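Going in written order, the chains are labelled A, B and C, and every chain counts its residues from 1.
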Amino acid sequence: MSPPSLVKISGVQKRFGTGPVVLDGIDLSVTRGEFVSFIGPSGCGKSTLLRLIAGLSAATSGEIIVDGMTPENARELMFFVFQEANLMPWRRVAENVELPMLLRGDATEKRRERTAKMLEIVGLAAAAEHYPWQLSGGMKMRVSIARALSVAPKILLLDEPFGALDEMTRDKLNEDLLAIRARDPFTAFFVTHSVTEAVFLSTRIVVLSANPGRVAQIIDVPFAYPRAAELRETPEFLKLLGATTHALRAVRSH
Amino acid sequence: MSTLILKRLRQGLIGVLAVLAFAGCGEKTPSSAPGSAPALTKISVQTDWYAQPEHGGFYQALVKGYYREAGLDVTISQGGPNAIPRQKVALGAVEFGVGRTDELIVGAGQGVPLVAVGALMQRDPQGIMFHKESGIRSFKDLDGRSVMAEPGAAWITIAEKKLGIKVSILPLDFGLSRFLADKKFVQQCFITNEPYYVRQQGADPGTLLLSEAGISPYRIWYTSRKFLTQNPAAVRAFTAASIRGWREYLDGDRKDADAMIGSLNKQMTPEFIAYSVGAMREFKLVQGDPAKGEQIGQIDPVRLGEEIAQLASIGVLGKPVKLADVFDETFLPAEVRAKRAQK
Amino acid sequence: MKRRALSLIQPALTGIVLVALWYAVKRIFGIPTFVLPSPDEVLSAAWMERAVLWSAVLVTVQGALLGFLAAVGVGFLLAMALGFSPPIKASFYPYVLIMQMMPVTILAPVFVLWLGQGLPSIVAITFMIGFFPVVANTTMGFISVDRNLRELFLMCKATRAQEVRYLRIPGAMPYFLTGMKIAGTLAPIGAIVGDFLAGSAKNGVGGIGYMTISYFAQLKTPALFATGLVACLMGFVFVGGVNWLHWRLLHSWHDSMVKKE
């Protein structure tokens, strides 16, 4: 018997108002501990799908169940990492990281302790008192991740978080993300344009077609964790990379 | 006499008249061919408020043609809350202004060369207005009160120093609503004007003339020293015609003048004008006290000299002012001038 | 260092040229003092009237400060109401605009009738002049909250009150402070105009607006100019203070303040 799904998406359709259908007939079942990436051409609705799971948007029809609840009710289990770092410019780094805990009502001491720990994990302990304007893009994104992790979410949703960064930084942050996940496991949903990133990070890759967004193909990624940087150069990796790219191209040409 | 000499005489006379006409005109004369009748001198008078009976004599002279007879083409410009007759006369924009002697003296203290040449009122109609219920009976009762008055007016400083009182001044808003709304309100006014209106609105006003506080400016017409020097004939003519107009306005048939005032200023109903002129008569504002030898137009150098000394003593003069700076008696007809006391 | 010195020298030189021009114009056209006093006449009048002018400044600053604080305080609260409730905004914003459009010269006598002469009316007039920029800007600030940040708060399951406190209010600060800066520039003017219309004087000494009328009536033009000079200086100091506050609150983090390295 297959393990019970943590997130179950059934027949989900999404359209905005009277506009065109953005997502149609999405079925997906994700078990605990998976790392699922969504890739596809522009307009395939991958970010929209992510937001539906997060409960930031509601499906027009169909249903999404997160740990037996609707997405809105399951918010305590989830956190979102946005495309932009989305930091509050008037708060210092540490104050940004502690925001979710503050809103949750955690005690000052607990917040301070956990913030320090999170910043250490992302390697930004020295920047705790800085303001966002003083940080580079990559550093800001790491703060955003630290913030997301501070509430120890069961499910982490990431919307092209590293899209604006250069490849080297991106590779490094990918490795960091997996390292963090190894220590404190979470189930991840990841939207990206980078096939390499998808293959490196995921357990499964969902390829979506556009107009409307449909699941075209789901690719399993068999590599075991922990995954080292060198994995990217192995023939198996490159083969899977090629296959995934091929699948993406196939979807694009329609 | 031979015809040639007569002819020369006639030509000469016409020539002299033409020259006189030109000399008495300044820049404003319409050019006239030599040998024609002398052109009228254009004169502008800037009054200090909208057309009102307090300017009655001027309108009388205008409407009855006395200015024209004297060789002047007079235009009377109405004033208002922002009228600045002193500045206009000093800058040469108009030839005559209407105001008070204390204004002129303070101006002279700032180096402004304005000269009074005749008085339309022996007693300025300025005073204060209050509700009878407030219990005010004299200027001394103003101590510690608020009075709406003209900021910087000399009478305020004089009254404070002379009577040893302290008054809080609110700038004039030229309205009556605050007076009507507050029984304790005290307001500077013309006794020929505001009391009528507030009585119409059901208030019971009491008034006190400034002269009852020992402050006695004349209400005068004045010109700039420059115009005086360049155009003495016009100044003399204007003065004489104005005195004539005032005499008649007060004691003669003023119907036409009142009609003109009414047409310029809708608020000037016949009833109001009657009240105003009545007040002028009652308080002997225009003619003054015949027992003291006062009459319409007169300015007594002794009294004016005392006023200068008074202003100097309270320290409002920027620099010392001599009588001759602000008054020239020679433009008044001889019979109107003050009689000198025998030394 | 050099740049600093240059930025002081340039306006100083221009000032000297302007003053020379002033003297020249007066000499060439023979303009009398009661129309255009010379700079030394103005300065000498300023010195002679210094006690009066100092009192006038104090009175006016009092009105400006209180009016400014009222404008900022009430403006902020009103903006909160307008920013957080679309029905309130739709209902009340037109009236806010009407209040702004109403000329102060019409409102002033009404205030005097209701509030009496002197400081209360001056404060009310200053308030009327200054509060609209605060309301308009701050409302904009409350409405313009970053959508992504709002979603962040959604993810955190924040309550409306928490969103207001931690997101909307800090987010609106730059807008509010801009409005405050504008109100700060208007407040001295408002107090002077208020003094014109509703001020009062003891012993011939009133606020700057009152003294302006008084000097004008007495043809004391050097003193009139001196009053203008003093009003200018007062304005500079007042605005300088408000700007400093603006800098203090924003300099650590706001785009507009942060120096690009």
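Assume contacts are C-beta pairs under 8 Å (C-beta built on N, C-alpha and C of every residue); 3 or more make two chains touch, one makes a residue touch a chain.
Here the structure is a predicted model, which is why all the values come from computation and not from measurement.
Participant: From the C-alpha centres, identify the chain that is farthest from chain C.
Facilitator: The chain lying farthest from chain C is A.
Participant: If you average the C-alpha positions per chain, which one ends up nearest the average over all of them?
Facilitator: The chain sitting closest to the overall C-alpha centre is C.
Participant: So what's the Cα centroid distance for chain B and chain C, whole Å?
Facilitator: Roughly 42 Å, centre to centre.
Participant: Roughly how far is chain A from chain B, going centre to centre by Cα mean, in whole Å?
Facilitator: 91
Participant: Cα centroid separation between chain A and chain C, in whole Å?
Facilitator: Result: the chain centres lie 50 Å from each other.
Participant: For chain B, which residues count as touching chain C in their complex?
Facilitator: Within the complex, chain B contacts chain C at residues 86-87, 90-91, 106-107, 110-112, 146, 150-153, 156-157, 160, 166-171, 173, 175, 177-178, 181, 316, 318.
Participant: Going by the contact rule at the top, pick out the chain A residues touching chain C in the complex.
Facilitator: Interface residues on the chain A side: 54, 56, 75-76, 78-80, 82, 84, 86, 88-91, 99-100, 102-104, 131-133.
Participant: Could you list, by residue number, the parts of chain C that touch chain B in their complex?
Facilitator: Interface residues on the chain C side: 32-35, 109, 112-113, 117, 196-197, 199-204, 206, 210-211, 213-221.
Participant: Over in the complex, which chain C residues touch chain A? Could you list them?
Facilitator: Residues 146, 148-149, 151-158, 162, 166-167, 170-171, 173, 252-255, 258.
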